[in-house]
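Next, two complexes with chain A in common: one pairs it with chain B, the other with chain C.
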Partner chain A sequence: MTAPGALVQISPPRRSVELTIDGDTVAAPEGTTILDACRQRGQDIPTLCYLETLHPVNACRVCVVEVENSRVLVPSCSRRIEPGMVVHTDSPRVRHSRKMVLEFLASSVDLSTTPHAAEWIASYECHPERYGPPAPPAAAGIRDAAHAGHHEPPDPAFAATVHQPIKADNELYVRDYGKCILCYKCVEACGIDYQNTYAIAVAGRGFDARISTEFSVPLPGSACVYCGNCIAVCPTGALMFSSEHDRRAAGTWDESRQSVVDTICPYCGVGCTLSLHVQNNEIVKVTSPFDVSITHGNLCIKGRFGWQYVQERPGNGKRTNGVPRRPRDIEAASNAAGKSRRKGHDISQRDGPQHDGPPHAGTPGDGDGKGSGHP
Partner chain B sequence: MEETDVVFLWGANARENHPIMFHHVLKGVHAGARLYVVDPRRTTSAQWADRWLGLSVGTDIALANAMARVIIHAGLENATFIQNATEHFEAYRQLVEPYTLEFAEQVTGVPASVIREVALDFAKADRAMICWTLGITEHHNAVDNVCALINLVLLTGHVGRYGSGVNPLRGQNNVQGGGDMGAIPNRLVGFQDILDPAVRERFDKAWGITMAPRVGMTITDMFEAMHAGHFHGLYVIGENPAQSEANQEHTMAALSSLDHIVVQDIFLTRTAECADVVLPASSSWCEAEGTVTNSERRVQRVRKALEPPGDARDDMWIITEIGKRLGHDLGPPDAETVWNEIRSLAPKMFGGMSYARLEANNGLQWPCPTESDPGSQFLHARLWAKPRVGPAAPFSLVNHEGPVEMPDAGYPFQLTTGRRLESYNTGVQSGGYTSPLRRPESLDMSPEDAATLGVADGDAMRITSRRGSIVAPVRIDTSLRAGLVFMTLHFQDQVRVNVLTTDVWDAKSGTSEFKACAVRLEPAMAGEAAAEENARELVPGD
Partner chain C sequence: MDLRLTLAEATGDERAAVDACLGPPASQWDGGDRDAAVASRSASGGRELGRARRNLLLPALQAVQRRFGWITEGALIYVCERLDVPPAEAYGVATFYALLATTPRPRRILHVCDDIACQCRGATEMIAELERAAGPPLSHGPHADHVIVDPDGAAWIRSPCLGLCDQAPAAMLQVAGEHPADTLFGATTAPELNAVLHGDDRIQKRPHPRVPQAGAPELRLLARASVIDPASLDAYRSTHGYAGLRRAFELGPAGVIREVLDAKLLGRGGAAFPTGKKWEAVARQPVRPHYLICNADESEPGTFKDRALMEGDPFALVEAMTIAAYATGAELGYIYIRGEYPLAIERLEHAIAQARARGLLGDSVMGHDMRFELEVRRGGGAYICGEETALFNSIEGFRGEPRNKPPFPVDAGLFAKPTVVNNVETLYNVPWIVREGGAAFAAIGTAQSAGTKLFCLCGCVGRPGVYEVPFGTTLREMLTLAGGVPGGRPLRAVLVGGAAGVFVRPDELDMPLTFEGTRAAQATLGSGVIMAVDDTVGLEPMLLRIAAFFRDESCGQCVPCRVGTVRQEEALHRITRGRMRGSIRDELALLGEIGLGMKDASICGLGQTAYSAIESAIQRLRLFETAAAPGGAATP
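And now, the complex of A and B:
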């Protein structure tokens, strides 16, 4: 038996599996994916719909690799290694497939805020423009109204696109589905993988498929609880915090001037790690690291957005006096300052409280009892 | 939690108040765990439960003791564990004997068959855990409530093992840490007993003082002492008792009896408005360095990401400077230096937790006595050692009492209080951001009560308890049973709910019975709330 209190190892040890990746013999623990085996040897493979904290859905097909004796290319993010497997990660067939996937995406979706997209497009020699000039954006609500079976044939003069006006229907999020590649990550994060709110799902078929709330209602009318966990996993910037979107729109978003500091959320006792993205002494975004076992990158509305009070105190460059104030109560405060109070004792001359009553149990549990007390 | 078989959320609405912890519960639920939620309201957590035990407010001990009787009568108690690790079982067995299913159904309102079912499931499970929060502790018999739950895990051996245990879900990032640091009346840092001469000697030596063997006071005792004229000054750090304490008029009268109040806070809170001196502080979680301890005893680093505004200063700097003015050199106001002093004074708990290790491990769980110790996943694992290590865990002999103030002819409704997902406590922090989820304070009541009273959503209602009276709009809520109404504590600037709540408190923990008071409901004029708000005193008078 392990020593009392010691950390418990609950999973059995894993066997080592030997395989060949791009001509090299490689060993990795059983259950490892091809992608992880590659990354462990310092070899990266492009991914869009993959995230280590989510169940793989194999939607984007950009991570495919060639496995000898396999009829089709396999998604490296979900395919587990097998003994004797021979993998080619950069064969002509693989490169051709990735090029096709990236061209289709780039011709139909705005990838301007997708990290690495431009780099991949260059390295796989993609030419999305060969599909024609992009079709003009759909009017607001048109794509949301599309029904399966009512599809109009596309105009061959244009490359079909998902471009449409952004949805800004609440104070906290902006949804720009002209940037959505249907990777399903937001659906997984909102649904069974973490949040279990199921506010969004994929609606429609084929090219009309889109991420939607029930009956395409605006977010404030949906089941959304504004945890922001969909935004945290979005790989293209289709989902964005208003704080980032507005700064980008104003041209003041500058990641080169941002620092990221990890701290702990003040709003309950779970102890979620908050990564505060700070620009010019202002919090501009809050995330949580995916590799922290408490959060797996998830937060709730309070942790994600509840920091604004810190910045509402006068003095962040516009301080007027020495006393911090609640913004909504400035008038009440000045009334209070005018009141006189009973004076006349110099308490510095007194001893401390003489308390001779019975000792108090003061169990460690009593702290929460004053839970309403902390401002 | 993700690999357990049975989870009880008892007096806890984790879906809204501990949302990320609830993710882990749901992983367990999806993997086949049964979730039982014990709460008078059918909360958003209860909506996920296999069984919702909608008990009457304050009948938790009756429910727990009845479950114990079912388990004992079925012969499902863990006799080996009881023999090895516990004491007073026989007395406990006799104590729970009168808690028949019929009695429990009558007292709690939970059907006997459901009590029996969940008791047997809890006892038969390989792994089971009970998580609780303020639904257990905001009662006049808070500690007894906790003991009743502890009895259940001692009876079944669901403690100190993987996937099992009793877990208080802490309401703030450092409730646990406050206790760890000795911010409780009878303990020094590391829960060391201030009445133990050997403990005091060690601290005296380190600090060059002679500490009096004197137990301090809980906040509730302090307010009583103010009323009794024994208190003349108050120094409040990061607390807003003017709005957070029960029986607000009583609280304000106590504050107004003081000669001098100092408030150290990041905002000019209602409490700070009463102060003679306000010391503007930095925000401890993002403008200062330090550590906090979470619900699983994990000590984690908080870090400075922002410069505090204007003249606001780090709490530690302020305290050090006050120490200097009082003639004591408290050393440099440096978080790591202070932490290392804590480690040296409470080595059994924190000795192995250097800042470097806390950084490298993303926090460590105490006790962690040495630099080679990985920290402790289970606090009570010792109970499984054979022969047992340390003292036996006692069964506590606690009986059902019920809330002190029950509805009667004059005050026929029961008011219970709680919290909402997007807001926090008295709203000082959460009031700073706009949320599509936020709606103003309301008097939530069952459709049955609304029909009886002839009121609809939005109607203004005057709510009166023995301590005061306020006005709030009605909101019909199907999660409530007839006779029970609900309000939050989030919007005290607009609706002073704590005017109503009772300050009858638990002598053992100092916690007031926020969860139960009796109220009378009458229709109010539409403009009444605003008029009352304008007219009321902002600070205590003379």
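And now, the complex of A and C:
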């Protein structure tokens, strides 16, 4: 399946469509979304459920704009431009709906690790506290078991929330659904758009809807292959590397002290681009750029999580499995190669591992046969 | 995709229940026993076969539910194996529907309606009495896991409108087992419900009340209801039955569409879209196949007209759909009917079987070069599945979440093919139009609202029921026709159009009931509900019930509706329970903001209309005005 926004696109040139955006006449190729047309002219619109590499689900509605002669507002992330369309991206109606969406989310979900949330909440003058104090977190399992249909009458003292205990049922990543805005991105990444594993889906209905495995079994009992592609697309931090989660809990997570270093995964012949997030000389998580046509941001369990060996070296207190390693400073090495993503260097033209291959763990082709993470 | 299944195993009975729905498995690839001798030598299309049958997911889950009263992990996994559906997705589908359970439940479940029309007729008091006698309702949620459930026991639960508002208060008994039986019954009492809960099955034999206007000569849509035997094809044929289809074959497909266009028939499902235009758009599509769907999900609180039609005159729907299929080139039609209509389902299935046996469906309809088959699909207890694109997803075996439009159904509907979706009542107009001509139809009613219309008179009226009148009849005339408010009590308000409609005041009764007339009055015909509320009925509990309904029935896909319906319900509870944040004015302003956000930014009509009735109660009825007055009961 080719994702929207894939780098390689072979198609006839598209006709140009003229429309009006906020009073300006704008031309863009046929098939462009309103969002892209806006971004092309340097105008940004908040988005949450939209990602270039996934099919739009139009669920969060924070990107709505007003199109003249349309009864309701339209999602700019998926609505394609049409000739003569008159679009308003900042009208009072638009601002009101965005404000309500943000207030609804902020009053029911923990947005503390959602990038831009605080900034948007301020700029749309949201007051999530006006719905009342947030209801205390549900006990573990309560939200997972909610039946569709009837619910208990609300407690007028509180505003209902999705707050609940974190799910930490494996060593690699945690699921903190108290932070989940139900954007469907993880479901798409795990299923139809990339991973084809379908370990998770939306269950339940309405406010009780949730991301779930079958019968909410813990991940180790599910179909999950720990590719981490869901973590990569999650816009809220609801899905998080344990390495990040634990550091945040300990107060040692510090993005200002992290550098992002690109390299090529040493495990197999596909040669996925890895972005190593390095803090204090340790790899703290691994992502892959969304705009690399090899991965579209997806990896497999080995590239995503299998990097402990790099840090297993004598003298750093880490386990070495008895195999001596050459002490190396991966951060320094990669910086020397001038490939820090943080500095905005081009990372898509790479031709091989920037460090020695794994000394013993995971020889190339040592697959586990479970989903490659590639489209 | 490589399915990874958990270790849960289906029992032999569970497999049998699924196989009875899906047919026996063809090979080990779809859940059959592994035959080493064959498996090692042959390939049979394997998984692809199962995937093509994903649309059988809901029927298979329903088969398990109806056999055992709930769906075990083993049974769900077996269904997944048979249809090659990932278990997480199947679980997502099973948990979407209120009538399916994934935690243990007894086989005997009584659904007791506590919705608005039943509220008008004492349901609240009746349920309180039932609770005193029979204990609390079945608790949903995780506690159910730890409670030992006796499968041979019984439990009751509250239900949204069951579509039997003319016989309020209403309930539905579901008994799972080898011979599952569902019974919808009305005019009930707490002692009767308690007896039913404890095994009394007499309600299964209760006679069905007649349509109030039964036999009146001016009836078109209801002409046969309560007059002919609904199980007799001969009785149907002797009352103009199949004259419409015969005429359609003379006119040809384009001629049929011409008549429907000339008739100016507008859809009766709520959106009032011209039916002829819809048919024409699909007929023109070069892509094949085309599909035809009758939307019989009728779950708008207060609505029961489609049930009356299907129960009273099932063959007419089969004929109407055959005509529609002929005009639009569809070879397969679905009737998607809400699961709470057991009698209508039974009668339709019987009618379809009869029609098939007599060559009125099948490979050569009436001997003509036309192939048409009809399938009944039952809903699982989800109002949202009446929204046409949610309905497609439901049939296809996905969660009943509305799709974004465009694309529109006429371009890419069911299975992404051109699809006609029509409401039941819309279709019942078709045989008459084809038989008597579009012009004759357009002459009835008003210029912009042609034909006759069914209204669901319920709540505080003397003779509740479905009434057929020409468009243009006023609200006052309708109330009079239904016997007015009993006991000469004062009318307080009328809810027009259903839970997604609006409350109007007693001084607005001269409103003509047409599409244009209601629009001019900033109201809507909606699904044809006219619910009278007198001074004995509390409007506040009614608003709370409406708010709860939308919160329960939101599919949960989009933020404005998923959270907005919750915030709306909370604000109403704060207001009515004297727990306001700030003044009443603050709370009403907040409600207005929530409502506007839902209306403007929601994906589908559910969220877009979830504030409609509440807004009208505030603005037209000025419901909270007294509370707003200085010194009122408002300030906390």
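The definition used in the following text is that the second predicted complex is superposed on the first by the 305 of 375 C-alpha atoms of A that agree within 3 Å, B and C clash if a C-alpha of one lies under 4 Å from a C-alpha of the other, contacts with A are read in each partner's own complex, and residues count from 1 in each chain.
As a working rule, a contact is a pair of C-beta atoms (placed from the backbone, for glycine too) under 8 Å apart; a residue touches a chain by one contact, two chains touch by 3 or more.
What you see is a predicted model; the values in this text were computed from it and never measured.
Asker: Thinking of the overlay built on chain A, is A:196 touched by chain B (first), by chain C (second), by both, or by neither?
Answerer: A:196 contacts both chain B and chain C.
Asker: Scan A:251 for contacts with chain B and chain C and give back first, second, both or neither.
Answerer: Touch partners of A:251: none, neither chain B nor chain C.
Asker: Tell me which partner A:92 touches in the superposition: chain B (first), chain C (second), both or neither.
Answerer: neither
Asker: Name the contact category of A:204: first (chain B only), second (chain C only), both, or neither.
Answerer: After superposing on A, A:204 lies in contact with chain C but is clear of chain B.
Asker: According to the stated criteria, A:13 is in contact with first (chain B), second (chain C), both, or neither; which is it?
Answerer: neither
Asker: Tell me which of chain B and chain C touches more residues of chain A.
Answerer: With both complexes superposed on chain A, more residues of chain A are touched by B.
Asker: Quick check on the superposed pair: does A:42 touch chain B, chain C, both, or neither? Answer first, second, both or neither.
Answerer: Neither chain B nor chain C is touched by A:42.
Asker: Give me the intersection of chain A's contacts with chain B and its contacts with chain C, in residue numbers.
Answerer: 196, 370-371
Asker: Where on chain A is chain B touching in the complex?
Answerer: 1, 4-8, 10, 170-172, 192, 194-196, 219-220, 224-227, 259, 261-273, 276, 278, 281-283, 292-296, 298-303, 305-310, 312-316, 319, 321-329, 332-333, 335-336, 339-345, 347, 350, 353-355, 357, 359-375
Asker: So in the complex, the part of chain C that touches chain A is made up of which residues?
Answerer: My answer: residues 1-4, 6, 73, 76-77, 86-92, 95-98, 101-103, 140-142, 144-145, 157-160, 381-382, 399, 404, 544, 548, 551-560, 562-567, 569-570, 573-574, 577, 579, 581, 590, 593-594, 596-603, 608.
Asker: Show me the residue ranges of chain A that touch chain C in the complex, using the header's touch definition.
Answerer: Those in contact with chain C are residues 56-62, 64, 72-73, 75, 78, 93, 96-97, 99-101, 104-105, 107-108, 130-132, 141-142, 144-151, 153-154, 156-157, 159-160, 181-182, 191, 196-209, 212-215, 217, 221-223, 370-371.
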